[in-house]
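Quick notes on the structure that follows.
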């Protein structure tokens, strides 16, 4: 049994690491990548002045947003108006509580028993993530309603209708993954993919899951709620300065979480390749510090690919029309997800 | 070990709230202030706001929300089923568990077909 | 320490329940209800029912209150459409509470074993695996019936709320629709 | 896990149920009534889960599941009725829904 003080320190270390990496590094770098890629796609430079390659642009923007005048437009419902950005950030912060970012490890012999690289080892793992992402509807709905602006209310209604519709499809896709691995513990789901990644039996589920996470994070091609041309950025029209910045931050950190979930569920987490494990090439990811670091970086690289995919898709695909969007969610993805569960169940029983 | 795991969640919750409140407070303290009334008007593309502010919206949105919660609960019901699935497979009662889940999914599909036929899923009128 | 946490959560639950029941505006009630469900979920964690705790948040806070918030957003009511002569009839309220309290008190003095600390549950109690086993083994037909109930609710709502858009019906909320 | 007695949990459940019931009797707008109903059902759920813990038997938590199913159906249908009430009366005051009074 380990010393309790060390375990507490380890827990705090994981929290500080995760929190600062996601909020302090991934989100700002993603914003920078987003703008650079936009520049690349549109044959212009993008931000390249602040720091090397413009890397410090997000930092400069953050300082600017804090220093801006805290405007509260007349006619807003003030307490709710101030509450909404906070309600948007909290689920974003909570959502990475159960994400494991590496294999169980002894950190090169620091611990006697392997410790999980995960903030909270909840029995309900995956369902906790589903719960927290479903709570992010409130920030959006409340922001729109509190702004008391026609564009905002429309944007909020559209956003929440869209988020909940696609949450359903994502949920049913997740059910089929639970069937395949027999657990909702993300660590066990990754372990069950040591031989075969779930993307192969669960290809249909992935086809449903990918658009669903794009729609849940309100990203192009499903960014109807923010459609600048029609709704002047929708639910956060009336938000400026750091209050807008908080919505932005939560959007990017939820993007990170769902990318990590996609990797954990379908692409084997930190497993090397389908059919090839770390042990096969002589790397001990459990007991050696270097091995653990390699596994964590491999996982991070997979997540980074998914994050890049988000950006790539945004600057490639046009926006859907609203009826097409709801049609896709309810008439295409939902039946496919139901059908997929039946197929996988039938295959497991009869084959 | 339960206390460890949930205190991790609690600390994250507190950190999240602190980030939100702290950022807004910092902006209140550090932000510059140059006030004039135009700044505070609601933004509707520069023209003064027109029309009643309590516009009402299509009941379609309500139907989406209802379908969501009903299907969401069905999803939650499917999770225990999915977890038990492999246990039943191994004990040779795969047909039983398949039948249970299949019937449930059939009822769920009936609901979806009903909505579809009734036109609740059409948004392009 | 944990005892204190329990009393804190229980006290906050009662406070938030009071705010839910008696704040004048429905939107305030709904927001306090979210807090109330959060606290309830914490209570479930305290008694070791982890799966129930997360389902509480997922279904109540993540779905049912979303629906209520949606309706509040949709109707966008102004105060005179909501309020309507709410008078607290104190005598009947107090009588009601007293009679309920008397029932509970009688129960407690008749069975003192209720006041003992609960024994520690089995190690798997509250886990999703134990829950699944019980549900599929013992309640598989109830599971199907629940699915059927949800279907009936869906049909009921379809019949009640949805009217096909008609040209004559200009007085209802559909004609101000945004997306349709 | 916290060491508590079933009486403490039942008291919390009872108190919330009474608050919900009181709100249900006093409030006059339809949405608040539904919210109070949720509060009452939630109180009942606390009792179910507590007894489940007391007897170390998962049946109580399964019952909790069926209660939330009923709660969701009740809210969905109830709010549909509220929407219809609003269409008819242009408000959601419950005392104006008196068309069926004899």
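By letter and in written order, the chains are A, B, C and D; residue numbering begins at 1 in each of them.
Definition applied: a residue touches a chain if its C-beta (ideal position, glycine included) is under 8 Å from a C-beta of that chain, and two chains touch if they have at least 3 such contacts.
On a predicted model such as this, the values are computed, not experimentally measured, just so you know.
Interface comparison, C-D versus B-C: the pair with the greater number of contacting C-beta pairs is C-D. If each chain is reduced to the average of its C-alpha atoms, the one that sits nearest the average of all protein C-alpha atoms is B.
One finds 5 Å separating the Cα centroids of chain C and chain D. Chain centres here are Cα averages; for chain A and chain B they lie 15 Å apart. Each chain gets one centre point, the mean of its Cα atoms, and the points for chain A and chain D are 34 Å apart.
For chain B, the set of residues touching two or more other chains reads 2, 6, 55, 57, 59, 61-62, 65-70, 72-73, 76-77, 79, 83, 87, 97, 108, 115, 123. Multi-chain contact residues of chain C, defined as those touching 2 or more other chains: 48, 50-51, 55, 58-59, 62-64, 66-67, 70-77, 126, 128, 131, 133, 135, 146, 150, 153-154, 157, 161, 173, 178-179.
Across the assembly, chain D contributes 1, 65, 68-69, 72-73, 75-76, 79-80, 83 as residues in contact with two or more other chains. Each chain pair that touches appears in this list: A-B, A-C, B-C, B-D, C-D.
Those residues of chain B that touch chain D in the shared complex are 2, 59, 62, 66, 69-70, 73, 76-77.
Of all residues in chain D, only 1, 65, 68-69, 72-73, 75-76, 79-80, 83 touch chain B in the complex they form. If you check the complex, the residues on chain B that touch chain C are 2, 6, 54-63, 65-70, 72-74, 76-77, 79-81, 83-84, 87-88, 97, 100, 103-104, 107-108, 110-111, 114-115, 118-120, 123, 125. By the touch criterion stated above, chain C contacts chain B in their complex at residues 45, 48, 50, 55, 58-59, 62-64, 66-67, 70-71, 73-78, 128-129, 131-133, 135-136, 140, 143-144, 146-148, 150-151, 153-155, 157-158, 161-162, 164-165, 173-174, 176-180. Contacts from chain A toward chain B in the complex involve residues 7-8, 11-12, 14-15, 19, 23, 65-76, 82, 85-86, 88-94, 96-97, 119-122, 127, 134, 147-151, 153-154, 157, 160-161, 164-165, 167-168, 171-172, 175-176, 178-179, 182-184, 232, 237-238, 241-243, 245-246, 322-323, 326-327, 330-331, 334-335, 338, 341-342, 345-346, 348-349.
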